[in-house]
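Mind looking over this structure? Questions follow.
By written order: A, B and C. Residues from 1 in each chain.
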Amino acid sequence: MATAMPTPATIDYAGGTLAREQVSLWRDGIRRLRRNKLALGAAIYLGFLALVCLVSIFWTPYKPNVIGTCETYQLPSAAHPLGCDDLGRDSLSRLMVGSQVSLSVGLATAIIVLGVGVVVGLIAGYFRGAADAIVSLGINIFYGVPPLLVAVALYVLLGSGLINIIIAISATVWMDMARLARGQALSIREREFIEAARAGGARWGKILFGHILPNALGPIIVQATFVIPVAILTAAFLSFLGFGVPPPKADWGGMANEGLPSLQGGFDPYILLFPALALSITLLAFNFFGDGLRDAFDPRQKR
Amino acid sequence: MLTRGTLIYIGQRLVLIVFTVVVVSFGVFAVVHSLPGNAFVSDRVHGQALQILLHEYGLDLPIPLQYWNWVKGIVLHGSLGVSLYIRGLPITPLVLRELSVSAMLGGSALIVTIGLGITFGVLAAVRQNSWVDYLLTSIAVVGYSVPSFVIASLGILIFGQWLNNLTQGALYYPEPWSGTYGSLAELSLPAIALGFYTSGQITRITRAAMLDVIQQDYIRTARAKGLQNRVVVIRHALRNALVPVTSILGPTVISIITGSVVIENIFGIPGLGKEFVESIFQHDYNVTVGVFTIYAILIGFANLAVDLVYTVIDPRIRY
Amino acid sequence: MANPVLQVQDLSTSFFTGDGEVKAVRNVNFNLFNGETLGLVGESGCGKSVTAMSILGLVQRPGKIVNGKIVFKGQDLVRMPAEELREIRGRDIAMIFQDPLSSLNPVLRVGFQIDEAMKAHDKVPADQIAQRGVDLLKEVRVPDAARRIKDYPHQFSGGMRQRAMIAMGLSNRPEILIADEPTTALDVTVQAQILELLRDLNQEMGTSIILITHNLGVVAGLCKRVIVMYAGEIVEEGPVDQIFESPQHPYTWSLLRSIPRIDADRRERLKSIEGLPPDLIALPPGCEFSPRCPFRIEKCFTQDPELETVGPAQRAACWVTMKRAYAEMGAADITDTRPGAASGIRPPKGIEARVADRRELNAPPLPTPASDE
């Protein structure tokens, strides 16, 4: 024991290393993400989509909501690359505008769920006891009903605005996040540095959001990216069933719905196909990106 | 298999199911009955006449009392009430008939989803990092990224129209649904469109679980015994991989129920999902509540069934 | 004794990983004679298990047998069609594994797993399989065998699981049993019982056994002949008594010194060998032990020694051998066993004994950030 082994520099480990390890974890993750070509491609597509969405606020080739811009059921042509719908509106313009609904629903839902789900979950996991019992019961009850139906009921209750749609969807997808945050809080609260913080007189708010949350951030962010496609999909389902943003505003699910009769009638599949394609590619991109993020930042969860 | 502990567990779960169903049905009841408008709007009844109608259906009572009457109806007569749209039509037989249609669709979709998901997952794992793996995992991601109504529409386009001659119109869906229960051909397209989405998730989980299991020591033992590769993969690896796969069967059932609402509306299949949407549009709220309640019961039992399947698949799990 | 049941010739097995070719087993030659118990020893990671798995054709991707022959009954197992090799696995050559806790399938009944081994081959008539399963469990002394055979593995203790594994291995009355550290995971009394069982087997049924272990005590108790492996190669082989009495390879010598002696008067810690085995992807030129060897000479860094006869039926791969080390370097009362200590030879640049990552060796306790005062 005498000569060969230098004693490890113990002071090194008294806190500084933990922070440093976290930093290198993030740097590692970003490097892994960059190497993932699918995720990279998805990110590029999503950037492009965001651009289209922004542009569509100010400019579209034709007025998206004006009936009779062109001939009804016009097939794709040079003037109207994606053709025209049953009311003679330019499909490309409507497709561009439709991205606004999908993206805002996806992002806003993710943000709401991030806020509500995380807070509720952390509180349940940290305080346990009654708080946990109530939250867990709530989670279980919401898991016990089909989310789409709940969203429909809330939509009917709240009315048809975009905000209401976002609220309705958020109410059906918060549980996974809450459960994740709860689990994280449950396990992290037992770690020594929480003990130390508590002994140091830190308030629970500081412990929850200053100590536990930062340590659980990786999985939480990954989960949040998966909320986006689920929210977009749910919104598309809603408007496909007729519970979307009020007309004439374009959104992809609603456009697909409008296109269904002409597809079933056999005379113009394109009205449905293009929004369906846009929706599918966007969801695919979010899923690939989320997968990449998970593999990069949360390799344990790689399932 | 049914030990005392298991029976107690089942009992507890039943209590939980009842509790959930009560909470859900009351919640939906309260929400739905406080909605603006009512089923009689379309009849253009006003004033006195409307009051009489509302009274006749007990809709003028306070909501908790209405709910109480509704629960009494279920417990005493097994009645979910009467339709307000087609006035006086008892809901229970209607909903049960629709449930049988939905169950047929959902059951087929479940078979599609599990069959496809497990087959793809096992193949992808066995051929890890080969083109088979890449192809199947890509199909899986496409599966849970492409909305089921897109798959359904493509199906209609391809089989209903382009290949119409080939399928002799068997896959074309003129509304209303012909109701030929035994017709596999008629059922297959909606079932596949419905099951494809969840099969992607199952593929993923099966693949990951298989890759994990194949590394285990007991697989090496099985090989060392001189078992055939097929036996090793199916009997030894898959049996163990099914444990994590089982854990997503509950969510899978919920996904299928959710999806069936959309699919039934596209194909005009007269199931619970179609009824649900119609009841909302028609303000036929007793039906809405009835459908919700049935779904809550269904999901409760599906989750219980999954928990029991666990004990069959993994002998280490005992309640 | 003279006819071998198994001949391993020039066996080399590698794993082709992202970092390079891991040469886990290199040019291994040995014979297993009829009815003998052969010991295979060496530090963790020296290739014992990979050798055994190569024999049964169980090396999985990214591993591959890159060279050599394994001759059993006149047939080369390496080049045999997969289906024929499968027939031999578990029927003629059986194997039991390191960790009984994880080597049984948790979701299948123990009895089923034993019977399955018999059903996979047609050696035991179908109508006798069930009965033989119970008999086997009795034979390996599982109490209440008829009832316990219906249990799942998690209902068995560690020792019982290993017995069940042995029962499974014996079910087809194999000619060769490869036991890969059959006792490592078990406590001492159970260890002794299992070894007893193996001895009886060998003596009563004449099964030839390859016993893999890093416990030299086990070898001394059970084997007549022993093979010592280091970094994927055989460095010494010979009769057990002789090797224990006068090891000729410095690695064997240090292994034997590392056995804790009951009669040691000083409370001396285990004299384990300093440093780690070499990286199997980038092996040192010359003798693989040279970075750690106390007796190394200049030649050791450039030329790889071959196995040579160093005594009756004893062979070692060393330029120096302990005979010379005793005579010329005073190995008898050496205390400093650091690399090059006895011979005083420093390694050329770039060849140093690998040491474990400091953090691995002395893992600090969980970090506790200083709490606010």
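Annotations
Throughout what follows, contacts are C-beta pairs under 8 Å (C-beta built on N, C-alpha and C of every residue); 3 or more make two chains touch, one makes a residue touch a chain.
Since the model is a prediction, treat every value here as computed from it, not as a measurement.
Looking at chain A and chain C, the chains in contact with each of them are B. Across the structure, the highest number of inter-chain C-beta contacts is found for A-B. If you average the Cα atoms of chain B and of chain C, the two centres end up 54 Å apart.
The distance from the centre of chain A to the centre of chain B, each centre being the mean of the chain's C-alpha atoms, comes to 24 Å. Within chain A, not a single residue touches two or more of the remaining chains. Interface residues of chain B, counted against chain A in their complex, comprise 16, 20-21, 23-24, 28, 31-32, 34-35, 141-142, 144-147, 149-150, 153-154, 156-157, 160-161, 173, 204-205, 208-209, 244, 250, 254, 257-258, 261-262, 265-266, 276-277, 280-281, 288, 291-292, 295-296, 299-300, 303.
Remark: chain B residues 216-218, 220-229, 231, 235-236, 239-240, 243, 313-316 touch chain C in the complex. Only residues 53, 56, 58, 86-91, 94-95, 97-99, 102-108, 116-117, 120-121, 152, 154, 165, 168 of chain C touch chain B when the two sit together in their complex. Those residues of chain A whose C-beta lies close enough to touch chain B in the complex are 140-141, 143-149, 152-154, 156-157, 229, 233, 236-237, 240-242, 253, 256, 260, 263-264, 266, 269, 272-273, 276-277, 279-280, 283-284, 286-288, 291, 302-303.
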